[in-house]
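Across the two complexes that follow, subunit A remains constant while its partner is subunit B and subsequently subunit C.
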Partner chain A sequence: MSGSEGAPPHKTKSGFRLERWAPLILLGGAFAIYVGVVLATGQAQYLTFDNLIAILGRSIALGITAIGQTFVILVASIDLSVASLISATAVLASVIMDGSPAMILPAVLAAVALGGLVGLTNGLVVTGLGVNPLIATLGMSLIIQGCLSAFVSNFAGSVPAEFQVFAYGRLGPFPLALLFLLALACLAWILLRFTKFGSDIYAVGGNEEAARFAGIKTRRIVVLSHVICSVCAVIAGLYLASRLRSGAPWIGADGVYDLESIAVVVIGGTVLAGGRGGIWGTMAGMLIFSLIDSVFNVAGVDSFAKQVLRGIIIVAAVAFYAARSKRIVA
Partner chain B sequence: MTTPVIEMKAITKTFPGVRALSDVSFDVRTGEVQALVGENGAGKSTLIKILSGVYQADSGAVLMNGKAVHFRHPVDSLRAGISTIYQEFSLLPERTVAQNLFLGREPRTRLGLIDAAKMRDETKEVLALFAAAGRIDPDRIVGELDVATQQVVEIAKAVSTGARVVVMDEPTAALNEAECEELFATVDTLRERGVAIIYITHRMREIARLADRVTVLKDGEVAARFDEVPAPNEIVRAMVGRDIADFYAPPASPDEVGGLVLSVRGGGNAVLDGIDLDVRRGEIVGLAGIQGAGRVALARALFGDAPFERGDVTLDGDAVSFGTPRAAILGGIGLLPGDRKSEGLVLMQSVRDNGMLTSRAFASLWSSDRRNAHSDTVRMDGLLDHMEIRAASYDQDIRALSGGNQQKAIVARWLSMRPKLLIFIEPTRGIDVNSKAGIYHLMRDLAREGAGILMISSDLPEVIGAADRVLVMQAGRIVAEFPHGASEQDVMHAATAESEVAA
Partner chain C sequence: MSDRTETTHARTRRLPQINPVWLLLAALVAGIILMNPGFVEPTGYMNFLKRAAPLAILAAGQVYVITSGGFDLSVGSLITLVVVGSSMLTNNDPAATYWVIPLMLGMGLGVGVVNGLVVCFLRVPSLIATLGMMITLNGLAFLWSGGAPRGYLPDTYRFFGRELVRDVPLVGFIPVSVIVLFVVVGILAWLMHRTNLGRQVHAIGDNPVAARLAGVAVNRVRITAFMLSGLSAAIAGILLGGFAGVSTDVGSGYELQAITAAVLGGAQLLGGRGSVFAAFGGALALTAIFTLLNFLGLPQPVRQVVQGLILIAAVALAMHRRKQTGT
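For the complex of A and B:
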């Protein structure tokens, strides 16, 4: 039906907006369930600090990827090519390093260059050619995976011990990679919250036309967001190479980083249509995911049932937001 | 006399098939409110879009402070100091007031980060110019503000960009009486600050209250120019400029009006209350009111889309209660939505397929698409012929047709269902003046053939001219009834008067 007329005029609402805090509430719920399951099954050893850190450690690659994904989803785009890019990066870096510490820097630079190129291409195809981002990045994903499979079919190259520090190093009780993730999240937060670039991202995602009329170069913002997303995927790929000590052409697809990173962002309260959300929501989404996994592990749920439950949880979380926002409108 | 800030000279603009503007000249000076009035489709929006750089004129010139300017993009005109406030706001609902005000030009600290404190202070400074200032917190999310306050934010945004010309396109469309007064105060403030204001409206009351000068457009030409605000009748005559009796079909004669088709007693839901409504066979009942008065909500309630929760409805003597549009259609109600493109048409399908849309929805799952009780393309072609739809072929995509012909195809869709009651929402929105008359006569013919017709329109002269009776809604209630040919002022007064007077 048309019109604003059907709905009553907007009334001024109170300052508290549940959907802003929903990720945190969901996270609290997930944590409560985790504690409940641990205590109910009498496995209190899972509540130690070390174990909690270990839970976090399992989702570092997902977290890094999801930070990038947050940027593209905020500008109302999406990136399905991250999983393939993660595989390609891991292989590329591992092959270039080939066990030699001297080659770490060239390998990292080559990987970042690859990410920049992929992101730039994604962004330009989406903005310049007007291809729907789902299709553009799906195509990119197939291209990367195809090229990769043509060259390697098993673990390729090896990562020198010096680079394995990225995945295995510790600073006191904390894994280095976890601190890195935290630093990256802070950086992303500052970028989104306090810079003009961040403000432009929200504007482009919220209403592209309005952003353009405000003099924002909207295409540039979308392209840059895609570059950031791809570079984050590259970092996740480097982390996985470091962790597995070698690159394999299936690690990205195995981890379902494309769909899971999107799921994490959405559970974190970022709207797929763009313009609303943020990094801390995404981080909460990542924690929710890893807590759920741990709950299943502790409770001994079999892996297929786990998959089904994960699917239900994703849909339920999004339905929760949808129901909330409908009530706000009506 | 000062030189005008904006001078538009001999502007002509043609769209495929339509001459939207021909030889229109228009100017506005600092510190004045120039009212731009005209019927829908008179060319007001086109003129404004040329000024703001959305369209380029075919010929003519735009001068700013005496110098020729060429705006190729809305950003060009914004930079030059022209702000246009459209009915649909360009605000970002998820961002704060301050963020919206400084969108695209945020102040930066020495580190290159956004200077949130400065942004907040300057927002407060700008808002302080307006009466509503005390209520608006720069850190509030815009989506949480009511429509009127959002409008203040939009205007404040224009002021903060240093706009010297502000264009307002029917700014009161979504406002209630008290909010209108606040808006007028805001406009006064702008005028005192030396801003030139182009104020588009078709409400005489607002012209009398605000305008310094008036320009009337009709069919893409300047019909009249007044250096002082004249009597409302003079403006209306210039706006309409034709014999109204010819334009609208004649009203129903008493013997044409038959028994009750629809009767509602005490109908209500979340947005409607105490609705008593009768529609008879052969009569056209108009529903007038401002945006948000509940006219569309009433249509949706009758059509089962957002049903009544209280009260009784009888259709053709039977008590009914429709919970879905499908039930309402089966009962004999048809609805022609206000936004044809998004609600009425399947743009990429043929004219015939669009006509068949509803009847196919009621066909048996196993029927052929060609011939059965409910979906009969031969009969549909007959109905389309009867509607005199101008199309190269009924297999043609409907999006290529003019608005008037699209509307006729939707009418044909409903005729195939033989409805007892047809609800038209904004039947002539976006339709050119000549086709409008065709739609009015078509509605009259449908009524003569025995249907009851309910017409919702925001175009006041249209409701008064085309309907046999006009019901006025306000805040979800029917507050007044007028016979055919009532005066525009009386209806407008009933639609906007304070609710305690009406109640």
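For the complex of A and C:
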């Protein structure tokens, strides 16, 4: 343990810090593998600009959810209710719209209100009742999914063509949704990097007690982070409804958005214990995920074997950062 | 459980501290008896225990990992893999059971070892490590069976899940699965509450650094906890294979139910507190809730909502009590 470097404290300041560059290294590695596989199988058509954009387009819902998840993980909380919330908003929005363009605004408002309510409840149960966030949001997930499947069992409602622009519209060569994701990421980055709220989030995640003693209203920060996370899940749900042209009660669970968004955030270098990480890491994590998927597709890996490899890759990617730390984890 | 008598002696004029899970269970059982008087007959409660057996065994294993400070999300998919793997390996040959069952138990231990090694030496938080294992094992189950598992398990294999021991005095009959349940829970409870291993599991969950300084081999204890959880999942899988047919979703949802049961029994997430008996009680209570909802004719979605509410309420109550007692 101590033989390798001795790790004097000043070394971390000037020296190369792996944690900081790990998302980029992993991303570079994933991209190199992608290019390698494409060239090795002689399918150079997969290297075009359009195709790379298409790869990104496939993981937009995951990216939006992961941005929200980053906020809660930064405050050392977690949100497992995003997948069922995604299903619920997709169904709610598409039922309210029911093909009529006039109802787009009410549907979006209703969905955002639902997300705000869910996030507020999650946050209050976690902070007020002191329930472990894993359990609180898991319970919330069961409640939402139960309520949803009590009413709906198939595709419900329909989304008017005007709203499908969200998923299918293009601005020049770029899909509208991709630009939206980029804008959302920038917004989140500005919020975390340049505002008081952002630095409060890092403070609460790093050491809640110290943050409270420093005069930060820690509970409010945690609740707000949960609201942000739920609203991001709502946006992802709206995007999926727009893409599938209708909402179904299984789209969130099918995409495993709860666990995958957590995996994306963690692969992006945000620490589950809170206080360290950021949005661009999460974006890198999302890119890594979609590149891995594309590698499997290009290489023609069997879909079950794909799943096996996926599980191993998630663990390996996290181990890539964590293996060097000396902390005891559980 | 026996310290309860001591504490009542120490603090007189205070009600004995009964774990609320037993009161919940008593209330639920009373409700079931009210709805269905046949429940007091041996067929009633033996069938109930039989149905609860896989979950109770799973919860008893899960409580080790929770008490040590981690989570084991891989148990559900491990159950699936055990059932699917057994059906592939036995291939309808009754004689194969005798090597398939030990192999499956070994596989459970092996999965536990891998979980433990990844957590201890690669320093991956157990939530992510066992999540990765869950995805991997699910994929393996599909891969092994080609997506559509075929056939059924031979009767020799289904012995543990299906057979009854007849002509027992007092109760008439005992399902083999109930015997397995009591043996497994008994051994796990003994290990947890009467041996050094149990104390060390509590110690590393409460404060791993202090435990290490006190000379506990933290990694070894943590890996053992994951092994016991994996083993319990393999046993639960063998029982479930006897109950029902072979499919690729037999185990889905069990990981969350096991955690719920352990939490209902007062196990503290992130470690330091947990009881095998109480987790057993939690599993019975959870099964009783589902049974009651069934009697009331409520559909599956309502079960989900109720499970969610109970989960949150149980933890909130535990936190409230802890705040009041100041521990």
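The rule is short, and it goes like this: the second predicted complex is superposed on the first by the 311 of 330 C-alpha atoms of A that agree within 3 Å, B and C clash if a C-alpha of one lies under 4 Å from a C-alpha of the other, contacts with A are read in each partner's own complex, and residues count from 1 in each chain.
We take it that contacts are C-beta pairs under 8 Å (C-beta built on N, C-alpha and C of every residue); 3 or more make two chains touch, one makes a residue touch a chain.
Source: prediction; values computed, not measured.
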Which of subunit B and subunit C A:Gly255 touches, first, second, both or neither: neither
First, second, both or neither for A:Pro160, with subunit B first and subunit C second: neither
Winner by number of subunit A residues touched, once subunit B and subunit C are compared: C
Contacts of A:Asn207 with subunit B and subunit C, given as first, second, both or neither: first
Which superposed partner A:Ala150 touches (first subunit B, second subunit C, both, neither): second
Partner chain in contact with A:Gly63 - subunit B first, subunit C second, else both or neither: neither
Partner chain(s) touched by A:Ile314 [first = subunit B, second = subunit C, both, neither]: second
Touching partner for A:Gly237 - first (subunit B), second (subunit C), both, neither: neither
Footprint overlap on subunit A, where subunit B in one structure and subunit C in the other make contact: none
Of subunit C, residues touching subunit A in the complex: 68-71, 118-119, 121-129, 131-140, 142-143, 147, 204-205, 208-209, 212, 218, 222, 256, 259, 263, 269-271, 299-312, 315-316, 319-320, 323
Touching residues on subunit A, where the partner in the complex is subunit C: 125, 129-132, 134-136, 138-143, 145-150, 259, 262-263, 266, 272-273, 302, 304-312, 314-315, 318-319, 322-325, 327-330
Residues of subunit B that touch subunit A when the two form their complex: 74-75, 78-79, 90-95, 99, 103-106, 108, 112-114, 116, 140-141, 144-147, 149, 174, 176, 270-271, 291-297, 299-300, 305-306, 337-339, 342-343, 425-426
Complex contacts: residues of subunit A adjacent to subunit B: 1-13, 15, 17, 190, 194-196, 198-200, 202-203, 206-207, 209-216, 275-276
